[in-house]
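In the two assemblies presented below, chain A is common to both, partnered first by chain B and then by chain C.
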Partner chain A sequence: MLDSILAGFVTYTKSLGFNFGFLTSVYERTIWIDGISMTLILIAVTIPVSLVGGGLLAAALTSGRKYLSVPARVFVELTRNTPTLVQLMCAFLVVNMLISKALGGAQYNPFSPFFWVVAVVGLHIAAFHAEALRAGIESVPSATLEAARAIGFNRLQILWFVEFPLALRAALPAIVNNLVNLAKLTTVGSAIAVGEVTYASIMIWSQRDNVIELMIVILLLFSLINLLIARTGRWLENKLKVPGLGI
Partner chain B sequence: MLNILTFSRVPSLASSTVLPVLGGIAVAGLLWSFFEPESAATLLVWTPYLARGFAMNILISICAIALGSLVGLILGALELSPRALIRFPALVYVQIFRNAPHLVLIFATTYIFPFEILVAGLRIPFPDWIKATIGLAIPASAHIAEIVRGAVQSIPTAQWEAAAGMGFSRSQTLRWIILPQCIKRVLPPWMNLYASISMGTALASLVGVNELLHAATDASTAVQRTDFTVAVYLTVLVWFFVYCYPVARFTQNLERRFAVR
Partner chain C sequence: MTESKREERAILVKMEDVHLAFGQTQVLKGIDLEVRKGDAVSIIGPSGSGKSTILRCINGLVTPQRGSITVGQTAVHELKSEAERIPLRKRIGIVFQQYNLFPHLSVLENIVIAPVRIQGVGRPEAERHARELLARVRLSDKEHAYPGELSGGQQQRVAIARALAMRPELVLFDEVTSALDPETVGEVLAVIRELVADGLTSILVTHEMRFAEEISDEVLFTEGGRIVERGSPASLFHNSSNPRIHSFINGLGSGAKTRESAL
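So, the complex of A and B:
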């Protein structure tokens, strides 16, 4: 059933001048489908990492304590102003190698390429989230903070119950924008052999020379993913809107 | 008084944190070379090779932003066209390529374009770095189209009418009233985009363009020493930072200065 549908699709697209012949080969089809699901998994895992990291960095940046805010500021500036690919290479070829050496061999190293992609891309986007959240936190009116202090909230409670909810609403458009970039950045995983959709496509087109066909699929896939992220963001914005707050 | 205040906010590299940060990096580098003279000597030997690689990064980024700006300006104008037949293709292009990963576009241009073009019987080589440039210029043009469209649309239409009321002709209005405001709004996001493209040039290493990251990998493979590998990749990180950080600070200053007062 599936095979006949695929064969029909391949013949039909062939009449249009496209070469989707790899779909009839079980081996290549599996690589490709696995690549697409790996991309989706990467995005799904990295988004929460970036959000938690961004929240922590924003909290450190606005804490008013030098020993927290200065390291956070250094990290944010360093991450924002260097290429993700170079960070990934530094993490994978330098940090990962040093860890392997310290543990006495690569076979004892628990960190996989997948881990490094999630960590590097997640923290890279976290730095951008942090900047957006910081601006949101700083724009919370001082009267609101005084009111919170007056009813006995401590520093952390103010951050969690007052500043974060308001900052999140202000920062949401920027955060959604960052998440779109996050989805695009997961493709750097192909540089260290994480089998996501770009990597799988390279393997297929180096055999079949059907770059344009696979490229169309990749572009559509990312358009779809990013449309989904943008729509979800807008839905959240409407849902979280506080009447009269003006955000 | 107002003039003096405005003048004091003129962005300058020296007034911000750029010089202390860069100075700190230089001092850290000197200290490291004092304690690790052997690594530092090897790194010094490889520095011209790395510098040639970095020149390639700068070349690609400048060509890509120039090409992207040119195409993006035209696309932005098309997006503003009242005719749906002209507007629609431009909107589709912008939507697709704004959402496309840079790496994928670089792969696409590298594999799709031939390695040489035949023009009037002449074989003109089509090197990989130009393909990578085009791969970066495509998303850049989509971003610039959006920047231009947003800037022109952000100018209230009442200004056209007010200018006409004051006796400005249409071209004078555009020249003296609308465009200066557009430049103010376009410049900061345009510079952000330039910084982003400069960082994107590192992706060209994956298609074999001999730029900084590629050169670092070459160097680390040739020397085969752990301390040197660490040093050379950190050098790449620092060089990109030193190039992009001043641009970012300058953009922030510009944004502050151009903010509606």
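So, the complex of A and C:
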């Protein structure tokens, strides 16, 4: 059933001048499908990592405590200002290697290439989230904070119940932009052999010479994913909209 | 408060020789005051004379450099960190000139957030109390509205309900009608008048002279960081020998009258 549908699709697209012949090879098809699901998994795992990381970094940046804000600021500047691909190479080829060495061999190292992509891309985007949230937190009027202090909230409660909810609303459009970027950035995983969709496609097109066909699919895939992310962002913006609040 | 003799009631707030400076600016230059349980004490005086700062000293929002402040058994001047001031603030409600409601929370949430999150009151109980308070400030129909949808007077009444939600021993009112238009001043003052009549201990910084005269047990006149005169409303408003107080009260008099007519 599936085979005949695929064969029909391959024949039809061939008549249009496209070479999707790899779909009839179970081996290549599996690599490719796995690549697509790996991309989706990467994005699904990295988004929460980036959001939690961004929240913590923003909290540290605005804490008013030097021992928290200075390291957070250094991290944000370093991460924002250097290429993600280089960071990934550095993490995987240098940090990962040092960890392997310290543990007495790569077989004892619990960190996989997948882990490093999630960590590097997640924290890279977290730095951007942090800046967006920081701006939002700093825009909360001091009078509102004074009211929160006067009620008896401690520093963390003020952050959690007053600053974050207001900052999130102000920062949401910027955060959604960052998430769109995050989805695209997961393709750097191909540089360290994480089998996401670009890596899988490269493996296939280097054998079959069907770059254009696979490119089209990759571009459509990311367009679709990011359309979904942007739509979800808009939905959330509307959901969080507070009547009479000018954000 | 007329039920019991004022002198017989326990002292709730006592400030002695409180000095406070913001940088080079001396704001308070030796403030002494006493507020007894059930008192309504009004602080009047020109802008910049330190009225609001006195209130902020009492709940530890600002820390004086010198002097002592006690609230009940708590020595406020000995509290060294924000964390140590939290138990104090739970006991004192404050209502601000600009309302300062949480703009992302509905009216009901603004009122229940402190009891639920800080005192650990159960949600149903907190909501029941919040609805009671909303009825008291005559906003029962607004529990689902957001602050941005309310008029200034309505927001200020929510702020009063929020301050009362913690069942405070003392409520500080910091020029609560100064940001309101004359028509809505009356509705807020009416609420405060009722609370004072019910025996709420309160300190009010206000420019509403008639109102201060009507509800206060004692009125303090501040100028230049000092309390220059204090006494019963009658003595301060009508029998003061201080020409400065005369001119201040009379200068505001015409405005106070038009506002009074809105009541």
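Some notes on this structure:
The rule is simple: the second predicted complex is superposed on the first by the 247 of 247 C-alpha atoms of A that agree within 3 Å, B and C clash if a C-alpha of one lies under 4 Å from a C-alpha of the other, contacts with A are read in each partner's own complex, and residues count from 1 in each chain.
Following the convention adopted for this analysis, a residue touches a chain if its C-beta (ideal position, glycine included) is under 8 Å from a C-beta of that chain, and two chains touch if they have at least 3 such contacts.
Note that the coordinates shown come from a computational prediction; the quantities given were computed from them, not determined experimentally.
The superposed arrangement places chain B and chain C next to each other on chain A without a clash. Centred on chain A, the angle reaching out to chain B and chain C in the chain A superposition, using CA centres, is 100 degrees in steps of 10. When the shared chain is aligned, chain B comes close enough to touch A:M215, but chain C does not. In the superposition on chain A, contact of A:A193 is made with neither chain B nor chain C. In the superposed model, A:L78 lies in contact with chain B only, and not with chain C.
In the superposed pair of complexes, A:A7 makes contact with neither chain B nor chain C. Once the two structures are superposed, chain B and chain C can be ranked by residues of chain A touched, with B on top.
Of the two partner chains placed by superposition, only chain C is touched by A:R149; chain B is not. Put simply, the nearest alpha carbons of chain B and chain C end up 25 Å apart when the two models share chain A. Note: no residue of chain A belongs to the chain B contact set and to the chain C contact set alike, using the contact criterion stated above.
Residues 59, 61, 82-83, 86-87, 89-90, 92, 94, 96, 98, 100-104, 113-114, 117-118, 145-150, 162, 166 of chain C touch chain A in their complex.
In the complex of the two chains, the chain B residues touching chain A come out as 21, 95-96, 99-104, 107-108, 111-112, 195, 199-203, 205-206, 213, 216-217, 220, 226, 229-230, 233-234, 236-237, 240-241, 244-245, 248.
Against chain B, in their complex, chain A makes its touches with residues 77-78, 80-87, 89-90, 93-94, 97-98, 101, 180, 183-188, 190-191, 198, 202, 205, 211-212, 215, 218-219, 222-223, 226-227.
Residue ranges on chain A touching chain C, taken from their complex, read 141, 143-144, 146-155, 157, 161-162, 165-166, 169, 242-246.
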